[in-house]
Amino acid sequence: MASVRLERVTKRFGAASAVDDISLEVPDKEFLVLVGPSGCGKSTLLRMLAGLERVSEGRIYIGDRLVNEVPAKDRDIAMVFQSYALYPHMSVYENLAFGLSLRKMSKSEIRDRVSAVAGILEIADLLDRKPRALSGGQRQRVALGRAIVREPAAFLMDEPLSNLDAKLRVQMRAELIRLHERLKTTFIYVTHDQVEAMTMGNRIAVLNSGVLQQLDTPQNLYRNPANLFVAGFIGSPSMNFFDGEIVQSDGHPACRVDDLVLGVDPAREAALGTHLGAQVVFGIRPEHSSDERPAGSAEQNAVRSKIDVVEHLGNEMLVYFLPVGHSEKLTFIARMSGERQARPGDELDIYFDAARAHVFDRETGRAIA
Amino acid sequence: MAQEDISVQGPHLGGVEAVRQLFSRLPVHVAVIGIVIVWSIPTIALLVSSFRDPGAVITSGWWNALRDPLDLTLENYNTVLSQRGMARSFANSLIISIPATLLVILIAAFAAYAFAWMEFPARNALFLITVALLVVPLQMTLIPVLRLYTNLTVETELPVLGGRMFGTSSYPGIWLAHAAYGLPFAVYLLRNFFGSLPRDLFESAYLDGASDRLVFFRIVLPLSMPAIAALTIFQFLWVWNDLLIALILLGDPDLAPMTLTITNLVSSFGTAYQLLTAAAFISMALPLVVFFALQRYFVQGILAGAVKG
Amino acid sequence: MIGRKWWTPWLWLSPSLVLLGVFLVYPTIDTFRRSFLDERSEKFVGFDNYRFIIDNPQALISDTHAALLNNLLWLTLFTAVTVVLGLGIAVLASRVRYEAVAKSAVFVPMAISFVAASVIWRFMYEFNTDVGTVNAALTSLGGEPTRWLQDTGAPQTWLTERGPDTMPSPLQLNNFALIFVGVWMWTGFAVVVLSAGLKGISTDLLDAARADGATEWQTFRRVILPILSPTVVVVATTLVIQALKKFDLVWVMTAGRFKTDVVATLFFKEAFVFRDFGVGAALAVVLLVWVVPIMLISIRRFQFQEEIR
């Protein structure tokens, strides 16, 4: 059982950096998710942890051991691959036992371990089959089993659920969480799906273009995104963004978007005040945009808007609005209850909850408030 | 294709329709069957003649033989095997072909694994050169190799198999030569196949603690059986049917494979067709069996890459 | 893989590299060297050996012009006929249900050695109509028997009349007879590869062509042929390489007599019968030079495939 630490790790392929100066620490037993769009470097980072890629710069520690030059097999980690990587010519039992037999474990001990793991994953009746005779979900369990059987210090998982159909994926998500509770071992999990990340991780590391954007709990990522990228990446549908400028209005610093004046709650106004005149982006999530006035907030941030498109999802609706009298660039989405009546063309006053609004510097993307 | 589908439905069509189908496709059938017959005649002629009485072969065409099936005899085979040394030649062909084939596959597989899955400087350049050597004609290499072998000749005899230990007229010498000439194609074929195996299979094995040796023997080889089968057939047939290398590097008639023996028979007994056909058929028998039994792999092998010369 | 020693790949490669170096690379360079030396490879003679080949002073014992021209004939006629026949058979066979059997029958000759094939065809070409099948068939149809292997006459005299005076024309009957044997052996290869290529053409394309109103011939010419052309190139380059290397066949059937010599047989005679290593080496270099353009085409195709990978 061990913690994992990365210190200023960089990976270069030729002139380009796939991973750029990333430092993070994963305490023992944590479920850490590495998430980001394709090409953000999350898989490369995982592979460097595994020892499948050399580190260009920086240091990797597993436990307290520097493992940069340690071969993959000696790092005491196990990996679950996206495509499972099961040996096609071996039976499920042999697949599970392979790593153990290489470590010269006795036959009886191997059999005990394999049976135990097969029991946990409910694949005990598949032990004699070859991988080609298994369904996708079963293969995935065998891949998991192969990792579990090794009893490693940490599990590395590279998008293990992406090849499953949607329903199976949801089911397996829950099972993986349960597995983590049960095994009490560090899990480092890579995915491009932010829903998976949010539901599974104790903490999430958001990556983009090789750079670590924010490392935080799911709630914090949602409530206090550190920059524009994280704000737009987490949450579905994603946050509404409006280009604007910080101005002084009625003695308060606020954000001027077109001729609208939008503000944040008083506690955070001071931060805005130090950036008067700055070009910014005002962000507000669809779920915090509503035609009901938010209780107890001084700022109203009311915008008269016309309904453009309505998407019915059953229990809720996603409604596309155009602020009346403003350019089409200001279109935004609001989440409304499915019980409501809403038709394209209707006009409503939409309130942006100032307590949940965010302001980002337009150039650097960093959060100001 | 549309026409194929119709032919499958043939039996179910009405009588007139079926006959019309047959006639419109008659030229195709005639052509194909004609080609098959023309292509097979030479081999059949050989086979029939080899079973005929020595006198009969020179006086009447082999097609007449079919009228008197009882006149067929095994005498030619007998003569050629016992008196003309074909039995010994057959053994020689085996002694030459089997080790040469095994050697090439093993050596090429090691190199192919390195090319496919290991990182080292000049990897691509070396592989390119190896494959480019495929096209070098044997003639470019034979004089120096002969000279080399002459200089390296070890007179002591090889136990059990006979011939010298090394150099000209030695089995080890010819094994190495055949292995070397077979390498470019073998390495090309195997490297492509090994390279097509999924990368994460290897990574998973390395993570599990497998060494290169283990991955090679327990994972790569078992999964590469189709390619290895194709290669085995190719190499075996190529060595079995080789004349030039045997002619140059194997002077001792006791060690001569069948190709060499038959060539000598042709030059000494040019028109004794009863002997020649029997000898030729003996040399063909094994390749034909191999071919018919393993045709699928042979074809796959050809389609996998350029056919070596 | 981290942890792999730097010398591991070289260990795996070493047997191959050694064999390739000793049997292919070093000899090629050495042969080059010898082509500029005298017959015992002792004195430097500059381009004398090459001049020998071009001037052809000993035309009666070893006719270099004949050999060069014959090779040209081989590489054009052999390749063209085999490709056309192969394509034709592949297309025809695809229209009948016993396609697999037909293709096998045509493919069988590939398994036998050229030596055995030579025996078969010497038998077939035999002048004596009681023995030789071809002549027997010819006479039964009212023609004259011919000495196929010895006849140096051109099938039509107008061809020889048009040839330049000082150079012999390779358009001899016996050359055609030999080439046909090569065709007989290698058409199977062409059929297999082209047939696979044909099957790779999606039927949607053919249906679309038919829906557009194209006749069978038009579909063939404008749709199938263009798509098939890379495959045809593969087949053609392999065949050209084969044609250039042709030794066994000519050697056993005629030993190069009656002006059927090709560069490969001439090489053998010069180097190992007349023991003139200088001229032999020069001939080998000529072969190599002819093969280099083919090598370049193959490598370019290979690199293209690599990029896809």
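Just so it is clear, A, B and C label the chains in written order, and each chain counts residues from 1 on its own.
Definition applied: a contact is a pair of C-beta atoms (placed from the backbone, for glycine too) under 8 Å apart; a residue touches a chain by one contact, two chains touch by 3 or more.
These numbers were taken from a predicted model, which means no experiment stands behind them.
J.: Strictly by the touch rule at the top, which chains does chain B share as contacts with chain C?
T.: Output, common partners of chain B and chain C: A.
J.: By CA centroids, point me to the most central chain in this structure.
T.: B
J.: Look at the interfaces A-C and A-B and say which one is made up of more C-beta pairs in contact.
T.: A-B
J.: How many Å are there between the centre of chain B and the centre of chain C, using C-alpha atoms for each centre?
T.: 17
J.: Can you check how far apart chain A and chain C are, centre to centre, with Cα atoms defining each centre and the answer in Å?
T.: 62
J.: Take the average of all CA coordinates in chain A, do the same for chain B, and state the distance between these two points in whole angstrom.
T.: 58
J.: Mind pulling the chain A residues that touch 2 or more other chains?
T.: 51-52, 71-73
J.: Going through chain B residue by residue, note those that touch at least 2 other chains and give them in order.
T.: 206
J.: Where in chain C do residues touch at least two different other chains?
T.: Residues 1, 4 of chain C each touch two or more of the other chains.
J.: What part of chain B is in contact with chain C in the complex they form?
T.: So the residues of chain B in touch with chain C come to 1-4, 7, 25, 28-29, 31-32, 35-36, 39-43, 45-46, 49, 57-63, 107-108, 110-111, 113-115, 118-120, 123, 126, 128, 130-145, 148, 176-177, 179-181, 183-184, 187, 195, 206, 212, 237, 240-244, 247-248, 258-259, 262-263, 266-267, 270-271, 273, 276-277, 279-281, 283-284, 287-288, 290-292, 295, 299, 302-303, 306-307, 309.
J.: Once bound in the complex, which stretches of chain B touch chain A?
T.: 198, 200-201, 203-210, 214, 219, 222-223
J.: Which residues, counting only chain C, touch chain A once they are in their complex?
T.: 1-4
J.: Contact residues on chain A for chain B in the complex?
T.: For chain A paired with chain B, touching residues are 50-52, 71-73, 77-79, 81-83, 85, 87-89, 98-99, 102-103, 146, 150.
J.: Touching residues of chain C toward chain B in the complex: what are they?
T.: Checking each residue of chain C against chain B gives 1, 4, 6, 8-10, 12-13, 15-17, 19-20, 22-28, 30-31, 34, 89, 92-98, 101-102, 104-116, 118-124, 126, 128-131, 133, 136, 184, 187, 189, 192-193, 196, 203, 206-207, 210, 234, 237-238, 241-242, 244-245, 247-248, 251-252, 255, 263-264, 267-268, 271-272, 277, 280-281, 283-285, 287-288, 291, 294-295, 298-299, 302-303, 309.
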